[in-house]
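What follows is a pair of complexes built around chain A, which joins chain B in one and chain C in the other.
What follows is the complex of A and B.
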């Protein structure tokens, strides 16, 4: 019985999150039947797409025991620069071409972070704080600070491509085609973390860097790969953001880093490293989106959204901390008993 | 900074050297910036008006950076400082608006100002107390606890004002941010006094010593009979109060209070604290270093302005300075480490601030 409860709860409280989402959705449907519609579902999904891709990168860094605050800036750097390059080149690079450029830019910027962290063993928060300023400054001072309304034709076309449309009376619920690549990315990162040596290394590094080193993990190379990968994911998220918002604005995204870290932490990833899962992260992102959406439908002024997410986060991390403490106390008691025996 | 195995006397000498080194390096940087810009722009940069302008901008950033430094001393961090500053400013502004303080004059205005500022600081104290409660009693990692309360406090401020700015404060209050005494801004004098008081608290009071010990090694501190919980609680009350004071100065300088003011200040404050020689892993940091770092960065900002460089180029400079200082530190530490104990492989790389923040609660 107990085992089943534990199994359902999941290693990172995924079950609790899923249950919370379920309760919120049920309550909302009872209060306001308009909530439970396909268009609400599609809306929530669409609003979570970019955030989910960023969150996957953040998840990897957090599991490895680090923290990265430069990823939104890398994202908009990659997204905006890609559009600038496309316009300068005169010819339409096509969707894959644009994606490739964004991924390359993102990975290179990520490598800068990784290089500084791996080569000099610097604290990750401080390094990414510094590079964030440099990246944002370079973007706005030398690449462009103007809002670009006209996207290349192929990307503009992608902006309005839906996977399918459900007609509900007068309103059409649209599911954007980006859902497919985002789901694939989630699966890929899950596979990377759970089924590869790289993934083992990320968890090992986060649990204890010194032990990972002694176990033979190439710590410096791992760190380099981790931050490059975060840059790569941020590049994808950046070009996706530009596509979905149908314009390129270099001032956007910067400043959202802590919100996304909050979603990942709510999803059960331990900021101390060594713990976290893709499923939990996705649930964390969705839970925040659902709550924001519910508040609007309940007629709560939009101004209360931030406070509500704040309460949710404080409650979430407090429960996690109390749980960890209880577990530690239980372990101590067992050890004490064993010592006596 | 592994110093295990050294006896306490050696450790103290190393500590002093370290302090001197980071302070003297910072002083050199400040002088280089001062001389450099003065040569480049003798008429505009090297003028009383410009130094006055710089002195007006230093206090708010300086107080927020000091708050970060205090949190870092215990190995923690306080991400909620800007939210707390705005909450304080809004409290004071709302009180003035509600009780018609804007029209008050003379002694009455001064009285109301003192009273309403005190109420604002009380809010800051309570906000800090709640942070401390989460960190010390519940046992949440500081970066997470304050990430949550940052959103919560900011959210409350937005809900309270509907996201709009508040105006309407009396001259007596605005005087704090606008007036000067013998060419020196009142807010700068206040800042200097607060910094001095903080230095006394950190260097000459038992709390200061305990704070450092808890930051350097929480387990050792606990076994030496220090009540870690109480120390951590006090830490976040102090950071809250410093943030509140910054809020008062922000409101009096801008003659308004808004939930969104100074969104970029949080990261800047962390940059300043680290630039000022604060060890983000705990145990080391000085008030003087942080003050010097604030002045230096504000001089760079003003110099860039005068040289007609864009604010974005200033952002680049900020980032480069931070990374350069950290890299220099790391290279220096590694070289020293190699000389001291050649047989060991290179120092284990700290993989993140968060890792080091792991501590046993209580």
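What follows is the complex of A and C.
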């Protein structure tokens, strides 16, 4: 019985999250029957695509015991710069070409973070706070500060490509084709974390950095790779964001780090490191998207949404802290029991 | 197998290492033969730990060479050391609490082999094989954070065996173990020896050293001062080598007025999951020892008396009046002082001066009538304790960070003595303190008791307790298992009470 409950709950409380999502959806449906429609579902999924990709990167860095707040800026840097380059070049780079450019830019910026952190052993929050400002400044000062409404043809075409369309009365519910690469990306990151030495190294590093060093993990190289990977994923998310919004605006994304970090933490990743899963993260992103969507439907002003996300972040961290305390108390009791036996 | 695979597996020659202004290692040479069981002994701060870090590639020596299996190198990385078969089991085990036992055991060898991909089934099978080979019971699917201390140590040992260990260093391996678990550990070491694996115990517990080892190397102040077969040493000569002088080992307790009313009276103290039914009296001028294995509840009792983690049940009387200790403030108000085991994080402001630290706990007692601080009186208090406790520093303005462990501990003591407490509780007062200072700190306690203060010393350093305590409470599984008093306070009687 107990075993079953634990199985369902999951190692990072994934079960609890799934249940919470279910409860929110049910409640919303009871309040407002319009909520439970295919179009709402597709809408939530579409709104979660970019956030999910960002969240995968944040998941990796949080498991490693660090934090990165520069990823949204890296994302828009990569996305906007790619469009600027494409326009300057005159010819359409194609979807893959654009993706490649964005990925390279994102990875390079991530390497800057990783280099500073690994080489000088600086606190990750401070480094990424600093580079966030630098990246943003460079973007607006040297690359451009103008809104670009015209995307290259290939990207513009992609932005309106749907995987499939469900006709529901007068409205058509569209599921964007980006769902496919995002799902593949989730699977890839899951595989990377669970099945490769790099992934286990990320967990080990977040679990205990000194032990990781003693065990022979190349800690500096790991950190370099982790932040480069966050940059890479941010680059993908950036170009995806530009594509989905059908324009390139260098002022966007900055400031969204709260939502994404909140989603990852709600998804069971420990801010202390060493803990977290792709499934939990995806559920966390979906939960936040569902709650934001619900707030809109209930007519809650947009300004309150940020407050709501903030509350969720604090709640997520508190739940973790309480859980850890309970666990410690239980272990102390068990040890005493065994000593008595 | 019995065949002594003769030959040196590991040799460190003329290793030197400086940290800032401190010469941690000065031309140290250590040779280890296959199948050797060697004890590396020495006081805290003698350089043992630095030597191990260098031999395992964590630190790089300034000078000297390391020879492993015939290859000579000036420096190596942790991965190099692991590939060469050098394994260290640190006191904290260096495990990954969030990973499974199987991963903890099997990942490190895979790193050394530069494997890129991980197959969980393969990891599990490798780990299970090692566990079976060692003949121990261990759930390889559990995460390490769920394990007890003894099982964590087993995991660490299994991890070392999973790689082809040729030399196994174990740093203070018995600290947290019961007598029975220590026996089991020694059996494992015997198995290793038969396979030609050398084991190096790092320890400062003399009895263990003499029991299990074939060879002994003693370090002091960053240099090897004695080395030889175990038969060439006895308790006294080992202690002399470790400390550099004859160690006063006998009891010296101040006389005690047995008729005085207790200054502290504890009855039926209990805290869930920590301790239960703790009852004792403490007379003015008495030094009472509380000992027990790690996790027995000894520290929790001290912390409860000072209100750090208050007890849930029971009565505490100070000077005949009942006090309700719900927090540190209550304990301080009742006249209880507490010197914590971790003075660096719990007892001192490291970057502040000695002067500021000495009076940090008694500012309220140095108020003039106006309500402002009485500077002249503060200065007098500071100078009095600086001189009385013989704190070695250029002046009272020196920051705490610049002091040695022994002098830092004196400042913590001064901080509490400045309050003139009725009861002083000390948790592991001489851990990380050099031998000379240790004696002086014990002398301070004797002097303080002579003034009528009740002193409680919580410690696992048995000789220290024997040397200074009137009575010793032995705590086992959260309960007072035995009270040893008067003539019966000897190392043997206390050790007998510690473990089943």
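The rule is simple: the second predicted complex is superposed on the first by the 328 of 341 C-alpha atoms of A that agree within 3 Å, B and C clash if a C-alpha of one lies under 4 Å from a C-alpha of the other, contacts with A are read in each partner's own complex, and residues count from 1 in each chain.
Definition applied: a residue touches a chain if its C-beta (ideal position, glycine included) is under 8 Å from a C-beta of that chain, and two chains touch if they have at least 3 such contacts.
Keep in mind that what you see is a predicted model, and the values were worked out from it rather than measured.
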{"item": "First, second, both or neither for A:13, with chain B first and chain C second", "value": "neither"}
{"item": "First (chain B), second (chain C), both or neither touched by A:200", "value": "second"}
{"item": "Residues of chain A touched, compared between chain B and chain C (which is higher)", "value": "B"}
{"item": "First (chain B), second (chain C), both or neither touched by A:275", "value": "second"}
{"item": "Partner chain(s) touched by A:52 [first = chain B, second = chain C, both, neither]", "value": "neither"}
{"item": "Touched partner set for A:294, first chain B, second chain C, both or neither", "value": "neither"}
{"item": "Partner chain in contact with A:210 - chain B first, chain C second, else both or neither", "value": "both"}
{"item": "Chain B and chain C contact sites that coincide on chain A, given as residue numbers", "value": "206, 210, 213"}
{"item": "Parts of chain A lying in touch with chain C, wherever the complex brings them together", "value": "194-201, 203-204, 206-208, 210-218, 274-275, 327, 329, 331-336, 338-340"}
{"item": "Residues of chain C defined as touching chain A within the complex", "value": "56, 58, 77-79, 82, 88, 90, 94-99, 103, 107-108, 110-112, 115-120, 145-146, 148-149, 178, 272-274, 295-297, 477-478"}
{"item": "Touching residues (chain side chain B, partner chain A) in the complex", "value": "79, 134, 138-141, 143-145, 147-156, 158-159, 162-163, 263, 267, 270-271, 274, 280-281, 310, 312-320, 322-323, 326-327, 330-331, 346-358, 361"}
{"item": "Sites on chain A touched by chain B in the complex", "value": "64-67, 69, 116-118, 120-127, 129-141, 145, 205-206, 209-210, 213, 219-220, 223, 255, 258-259, 261-262, 265, 271-273, 301, 303-311, 313-314, 316-318, 320-322, 324-325"}
